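The next part holds the structures, each set out as structure tokens.
There are two complexes below, and they share chain A, which is joined by chain B in the first and by chain C in the second.
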Partner chain A sequence: MKTDDAPAIVRLAGELDVYRKDEVRTALQSALQARSVLLDLAGVTYADSTALVELLHFCTDLKDANVPVALLIAAPQFARLIQYAGLDQVFAVFDDRAAALEYLAART
Partner chain B sequence: MSRPKELRVRRKAWPKSASLLRHALDAFLASNKIDADTRIDIITAVGEALANSIEHAYSPNRVGDVELRARISDVEPRIAVDNIDGGRFITRARRPLRGFGFRIIKMAARTMHIDTSGGTAIRLEFDSAQA
Partner chain C sequence: MVMRSGFGASSRPIWSALGVVAFCIVVIAFLVVGLALRQEAATSFIAEARNREARGLMFNALKDQLDEETGVRGYQATHDAVFVEPYDVARDDMPRTIAALIDDLDALGLTSAASAASDMMRTNRQWTTAVAGPLTTGTPSDSLRIEQLGKFLVDHFRQDEKIVEDELTKQSSGLYDASQRQLDYIGALVVMGGLLILGVGVIFASLQTRAWDRLAQERDQAEQARRRTAALRSAYETERRIAERFQRALAHRDFPQIPWLEFSATYAPASEEAKVGGDWYDVFALSADRALVVIGDIAGHGIDAALAMSRVRNAVLSAALYQPDSASILEYVNREVVRDESVMMATATVGIVDSRTNVFEYASAGHPPPVLLATSGSPRMLEFGSLPLGVGDSTKYRSNRVESAPGSMLVLYTDGAIERSRDVLEGERRLLEAVKSARAEKDPHPASAIYRSIFGGSEINDDVAILTISIVDDGAPSHAIAGRSVSSAEPETKQTLGDRSEPSASGDDRMRGSLFARSKLIA
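On to the complex of A and B.
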């Protein structure tokens, strides 16, 4: 993969809740100009809807710009939150990093 | 029938309190052998209620408390958690449990009741097998 085709990687870890809403927003904004984005959230142990809203805004903005985004998620709570919010068909969610990168490479 | 186990924990409704309250609840559930799958649903639903209290119960210059009261008994629904704040439920338009938070709670909890007679109390109930 050429360097300029490599996805931007945004890595967040720990608990993404109401306390970290602004931090999540700022981290996501750093990748708004990318050609493709891997949101590496494998280290996230808990998330709530305040983080989910930030992720949804980010993914919607990039989708409108035809920029592919993949979410790498490991915690069962986070995966269930996305499912309960009805967003499992909106986000491209992966629990395997190679599969997420393959998804992005096929769309870049 | 054994005596119900209870937890009460109260903190200022600041954003940083959410994690502390969730961890206190999860430790209580784990110490009473509530299975991991049910704990995920409880922490997810209660986390939404807490976030709602922290974001909407008080004006920024007059922040009050938010309290969790959890009770585990022998009969279903075995687990009840009250999320209580002193916020005034002025109108549903201004103080809703709407959108994703509302949807997530309805998916994760067996029942939800909102009492606005004094502050706002959200009671969530869950079934559980013991681990």
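On to the complex of A and C.
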């Protein structure tokens, strides 16, 4: 059961490209009012620049609003793209779901 | 317009069907009335003919009676048998004549006339037996009495004949009136029929005209729509052409003459329509022994991306004139991009090659890592990883330094070069292989060789830009600081050639448990 303390979970999977821009944006916007967010990208293998910009804006907006956000990333090739964009330097990135939830729990 | 055509489409079949039904009913009514009138006229015509015939027969009967009397009188006067002949002829003829008359009168429905005619027959027979017979066979003694009976019978015959004549005349005039009326009706029917045909013709003609008008109107509209589409397509193609030429013109600037550096570059626009992007590269001589190299990618496509690229590029060049290092250049450009609302976001790598120190100092903003091919060994991905330009105005960038001895080569590229398979790790492997084989083949234009080796002749779905910078080895002794690593202004960014260093955000415990903290442990 969802409580106020439980993080909102946004799950995306597959290849995120310009053709899925609206889907990605809608999914992300659903979590904008949450108190903490787990961005579950474990199933994502690729994101083009359009999708990366969306993810970046989402994480930046949450950070500006002091909402803790954790990114869960599993595919190494997608992790590499996240590194290019420097997201791992500014946001909390995990390859382990429990660690990500622990990180969020400690901050809510 | 839409409403009206919708209404017409739904109700027109119903109305035209009702019209056809109404027209059929009217035509059937005309036929029924016409046929009835014709039937009545035919009946009247037959009755009139019969009436005329009956009157003829009646006059024949009268004539026969007169002939009979004439014969009798002739014989009485002369006693010559010759004078009896008219009587004999008429007496033979009379029954046939009156029988025919009775048939006609029965057929005409004149019952009182028919019974009068029968009475005429009887009277005539009585007359021939009781009057004509005795008077033509001898000289009867009671001739006066016979004459008196004869006169009585003839008068009776004439009275009956008068009844028949009056009836026939009366009927004849009635038939005449009826015929007149039927003629009037038929005339009216013909006029109405004519008017109906005229009306239907007018309605049909007007419908036809309207249909033609609508057809012409629709043709006009279709033609206009076609022209609009053609105009739009042409405008679209023009924009694409302008964007592509613009992009090419902006992306390709002639390389400066720098004796200790050799450059090669390739740029391939996306094959997909309107995907002309904002990739660019730049080389600029800052001084006799320092050169600025830049590669970048503007988010977006088309003319807007090309214009944004032009702004970002100029910002890099002007910042490079007075900023001390590449990180400061990127921070300056980042503030410009954040301030300039026409530029959404951009990635870039900015580097300064120094021939005096043999150091390549560079900074990256969300851009894939540069490749360094040292004088010996395999090509390597250099350190990278910072937010793109335009995310926030306080983003900090980091300068990295690597040795770049004469004979080594730097490869800068945009993401299109490594995202062909959408697996960037695979893309990086292919790129490193391509750089290696370009070196092995000693291709005079390494950028083209690398591009060919990665893509062959296949189509690309994103712009690809590749820039190589080769440091000329003229055989002169290097004045670089000896050793494999180079000291840096910032100790924490010191790195060994080609190694991916750990993130600078060390010391922040929030990274514990992360993928990269783990890779740090492995390293």
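Assume the second predicted complex is superposed on the first by the 106 of 108 C-alpha atoms of A that agree within 3 Å, B and C clash if a C-alpha of one lies under 4 Å from a C-alpha of the other, contacts with A are read in each partner's own complex, and residues count from 1 in each chain.
Just so we're on the same page, a contact is a pair of C-beta atoms (placed from the backbone, for glycine too) under 8 Å apart; a residue touches a chain by one contact, two chains touch by 3 or more.
Every value quoted in this text rests on a predicted model; they were computed, and no experiment measured them.
After superposition onto chain A, the partners chain B and chain C occupy overlapping space and clash.
Once the two complexes are laid over each other on the shared chain, residue contacts for A:P76 go to chain B and to chain C alike.
Within the superposed three-chain arrangement, the count of touched residues of chain A is higher for C, of the candidates chain B and chain C. Of the two partner chains placed by superposition, chain B and chain C are both touched by A:Y84.
With both structures placed on the common chain, the touch criterion links A:E23 to neither chain B nor chain C.
By the touch criterion defined above, A:S49 reaches both chain B and chain C. When both complexes are aligned on chain A by C-alpha atoms, chain A residues 15, 46, 48-50, 53, 76-77, 80-81, 83-86 touch chain B in the first and chain C in the second. Chain A makes touch with chain C in their complex at residues 15, 45-46, 48-50, 53, 56-57, 60, 73, 76-77, 79-81, 83-90, 92-96, 99-100, 102-103.
By the touch rule above, chain B contacts chain A in their complex via residues 15-16, 18-19, 22, 40-41, 43-44, 47-48, 50-51, 54-55, 99-101, 103-104, 107-108. Put simply, chain C touches chain A in their complex at residues 297, 299, 344-345, 347, 365-369, 384-388, 391-392, 415, 419, 422-426, 428, 462, 503-505, 510-516, 518. Within the complex formed with chain B, the residues of chain A that make contact are 15, 17-19, 21, 46, 48-50, 52-53, 76-77, 80-81, 83-86.
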